[in-house]
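Structure in structure tokens, see below.
Letters A, B, C and D name the chains as they come in the text, with residue numbers starting at 1 for each one.
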Amino acid sequence: MSLDDVYRQVVMDHYQNPRHHGHLAHPTLSVGLHNPSCGDELHLDVLVDEDGVVRDAAFEGQGCSISMAAASMFVDRVRGKKIAEARRIAETFKDLLRRREADRSVLGDLEALEGVSQFPARVKCATLIMNAFEQAIDRIQAEGGDPK
Amino acid sequence: MSLDDVYRQVVMDHYQNPRHHGHLAHPTLSVGLHNPSCGDELHLDVLVDEDGVVRDAAFEGQGCSISMAAASMFVDRVRGKKIAEARRIAETFKDLLRRREADRSVLGDLEALEGVSQFPARVKCATLIMNAFEQAIDRIQAEGGDPK
Amino acid sequence: MNLAALRSEFPLLGRTENGKRLCYVDSAATAQKPQVVLDAVRRYYVEDNANVYRGVYALAARATQDYEDARADVAALVNAEPEEIIFTRGTTESLNLLARSYGELVLGPGTNVVTSPAEHHSNLLPWQQVALGRGAELRFVELGEDGQVTPEAVAAVVDQGTRVIAVAHVSNVLGTVTDVARIAEIAHAAGAVLVVDGAQSVPHMPIDVKALGVDFLAFSGHKMCGPTGIGALYGRKELLGRMPPVYFGGEMIEEVTLTGATFKEAPYRFEGGTPNVAGAVGMGAAARFLMSIGLEEIHRRDVELANMAADGLRRIEGVRVYGPTGHRESGVVTFNIDGVHAHDVATALDADGVCVRAGHHCCQPLMRRLGATSTARASFYLYNDADDVQQLLAAVAAAKEFFRRVAG
Amino acid sequence: MNLAALRSEFPLLGRTENGKRLCYVDSAATAQKPQVVLDAVRRYYVEDNANVYRGVYALAARATQDYEDARADVAALVNAEPEEIIFTRGTTESLNLLARSYGELVLGPGTNVVTSPAEHHSNLLPWQQVALGRGAELRFVELGEDGQVTPEAVAAVVDQGTRVIAVAHVSNVLGTVTDVARIAEIAHAAGAVLVVDGAQSVPHMPIDVKALGVDFLAFSGHKMCGPTGIGALYGRKELLGRMPPVYFGGEMIEEVTLTGATFKEAPYRFEGGTPNVAGAVGMGAAARFLMSIGLEEIHRRDVELANMAADGLRRIEGVRVYGPTGHRESGVVTFNIDGVHAHDVATALDADGVCVRAGHHCCQPLMRRLGATSTARASFYLYNDADDVQQLLAAVAAAKEFFRRVAG
């Protein structure tokens, strides 16, 4: 178990220079999530078009380096992707952190967070953004009829 | 630990032929007590005069042989006694059952219940009548001013 | 595992009491604990003890994992999802929590709760008190011949105002088994939910909440070979999701301000304060232990011993046996010796090493119906054997003779 | 007992984590358990386990005696009478029980509850929710310089409408100690009662409820070297005697009919259902253990280590320490490393074998005041030594360097 495996340069870079930080002007949906065990907060805006493509996304929040870096990486990764593909990325990432078999090729920068699996208590920090995203998409699909 | 020590002949006799069973016409006070762990019930009437003497007492109830025999023995014993003396009898009996030093000479038939001390769960059966009596006397002394 | 080997897993059963072989036949009150449960609790304290949820360090992560694994084990015992299991102190707390929370949601004037006069106080008083508080009606099912709660009798009192039907799966006095699957159908047809007091069933027979269709199920760890101070409330996910918390503080919150608060989702919102982690670990170990033996097998043994005991008791002249007159379906056998108070019976049995309960068994209304203020109860479990039945029968016969003699 | 011998009484402390010596400095979250407590629990299960109150046989009488002896031991720890101790699951349940029961008795429109914005959620939410429910006002004391709750600040908001003052004896975030004796006088002068959250004080310092004049005191077994799932509420006898039960079923009743019930006297009327007997036995053993070492001595050691740690942390450039600027009076030290989230700090410390808590410590309103969403907290107890302080300080210094480096 090593700190260097978790706090890689790319992680700290996303933490200090988050991509897509802020709000969207016209999101399809916004969700706010708490990580109650630490008081961290995360706000996610998503814009999904009729073809079921994540046109845009942005996040804002307060939290540890892992949760903020994961948010930045994930939002960056799923923009422009089909919903199904975005969901697969989220699932794959969760599998990776739970040490299950996972197709790393879909993960992009997120793969750098693999070391978090050594710190089970931090897995929920890294996956908070995925939970927010899945909640948002579930609600969009439930409300608006399936946009694919 | 032996059953014969508890269920002596005099105990069974008081159980089967309870003395002073029933109600008083004009009690100074009546109390009803439950032994919630067994559902047993005990009703006690006492008549105390101005000199602080227990002029009369009677009990009624439903319960095991030990609680009913103890009630019969105790009521029989304290009739005609001063309150202070009656209280001493109750305390002495409780001490006996808790295996503390006790002046058996004041107890009369109650001494036959000594064997109950071998069955700690039954001590509360044997002392239910004393608790009822003490409650009654406390309330008489609190309400009516100390009748000694 | 053969029975002798199984018995040796329970350290307390090897004891003698008053120089007699200990014959523990009071498992309906509380069960004895196998070594695996004691070891699981100890292992938790010695290897993983930390506060759950709150800690970032590895020890705390292990403690949290242990606690959540226990939830999954308890869920598996009744075929629920882990997030449908709320850890409580026991059946009584489960039912109080439920009556307060769900009661608040659905009860009011014009509504009613249906229950039976055979319920344990823990499944009567919470409903009685919440009904009183909210101006709802408490309705009682007419008991059947043997004291059982039949679907027909339930159907006879249920109407459109019924919001909750609350019944015991197995009576702790009569040993009767209630057909909860059919009562669930009646409940659902009326738009009500079925609450099952599983204190005496979950430890003793296979239970599948999904197949039975029960909406809520309450049970205790200590009656299923687990530790004291832990129990569970199963609730169907959709229902738990709608219920308000009743108990505030600690890790059940999402956000707190000086004037208000939002709460986590179920089951966490119902588990305020530091939970009984070691207790949950022990209950999880007990669940695995019971499943490893097989609940079918446990039930089979309970029933066999209870029928043997009931038959034997009936053959002793002057002994009255309560409950089903025919075949018994559970391990509970309640009886009295004519003219001898149940407390005196229990004391006589105690002197022979036999532990039975005597009293009202927390069922005063039912006792009034039976016309008894007090009864003696023997109850069997997986560690009991034919020797226990024989020791019980011999002690009862001797007690009868003894009291006949001293009452001379 | 010297410290090395004392430490060896705690099996978990001998462990290594990630190949490092385990440095457990999170006792404010939960304490580790000494062998005597584990043994007492085991002995109970192996020798005396039976349901309490209910049984007539010797085993049940011993179980009941064990439970009542434990009540006496816990009472002795705070100089209360045994019948003034209600066993609960922990501080959170104690405060919920109290807020519901006593709140029902005294709160209504025109009345108020006084508390502080530094309270643990467990001493805030129960009052907040009961006040909301009963139309009473919840008033907040202005915190002093170091975040402490002063008698003067309490007096400033108390008025004739005040029925309850509820404050923590020791803050679990700031480590400040509240002068509860003087606040008790203020409460009584106003005709109110003082409720003290003793979760962080009872395990750590001598407490005499009579000398302090507190009316209610809530505390947890698991924070005082006892088992999880057990705690206590002390209540002054006259007050307990007037309070209605909040929790129904099992042995708390006197008489039950289908339409109503009467209840036993305190403390029994508050302990519905089978209690956590083994937990109580363990908490009693923990109380005896603490008294045998001496609460003065425990407090002295806590304070010495906390001051050492606070001084050392302050000397690390870029580390901010919260709470008292002068001498500390308890074992709690909360801090942050500039620019590094407390969670990241705790993970770095974990890699070095150091267990600290990070988060809001169930005190979100206080955290908002401190201007921090999250802090790290080290907390000391009788089994900690100077090596623990050194290991903590070295790990914090290393963490600071590490994050400075990777943040490049």
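One rule holds in what follows: a residue touches a chain if its C-beta (ideal position, glycine included) is under 8 Å from a C-beta of that chain, and two chains touch if they have at least 3 such contacts.
As the structure is a computational prediction, the values presented were derived from the model and not from experiment.
Touching subunit B and subunit C together: D.
For subunit D, the chain whose average C-alpha position is most distant is B.
Remark: subunit B and subunit D have CA centroids separated by 44 Å (rounded to whole angstrom). Separation between the centroids of subunit A and subunit B, computed from CA atoms only, is 75 Å. Between the CA-based centres of subunit A and subunit D the separation comes to 37 Å, rounded to the whole angstrom. Multi-chain contact residues of subunit C (touching two or more other chains): 18, 54-58, 60, 251, 253, 255, 343, 347, 350, 358-359, 364. Residue positions 1, 37-38, 119, 121-122 of subunit B each touch two or more of the other chains. Contact residues on subunit B toward subunit D in their complex (touch as defined above): 1, 34, 36-38, 119-122.
By the touch criterion given at the top, residues 18, 340-344, 347-348, 350-351, 358-360, 364, 367, 373-374, 402-403, 406-408 of subunit C touch subunit B in their complex.
Contact residues of subunit A toward subunit D in the complex are 1-4, 6-9, 12, 16, 37-41, 62-66, 119, 121-122, 125. On the side of subunit D, the complex with subunit C involves touching residues 11-12, 15, 17-18, 22, 24, 26, 29-30, 32-33, 38, 41-42, 45-47, 49-51, 54-60, 89-93, 95-96, 117, 120-126, 128-129, 138, 140, 220, 222, 227-230, 247-251, 253, 255-261, 272-279, 343, 346-347, 349-350, 354-359, 362, 364-365. On subunit D, the positions that touch subunit B within their shared complex are 53-58, 60-62, 64-65, 251, 253-255, 264.
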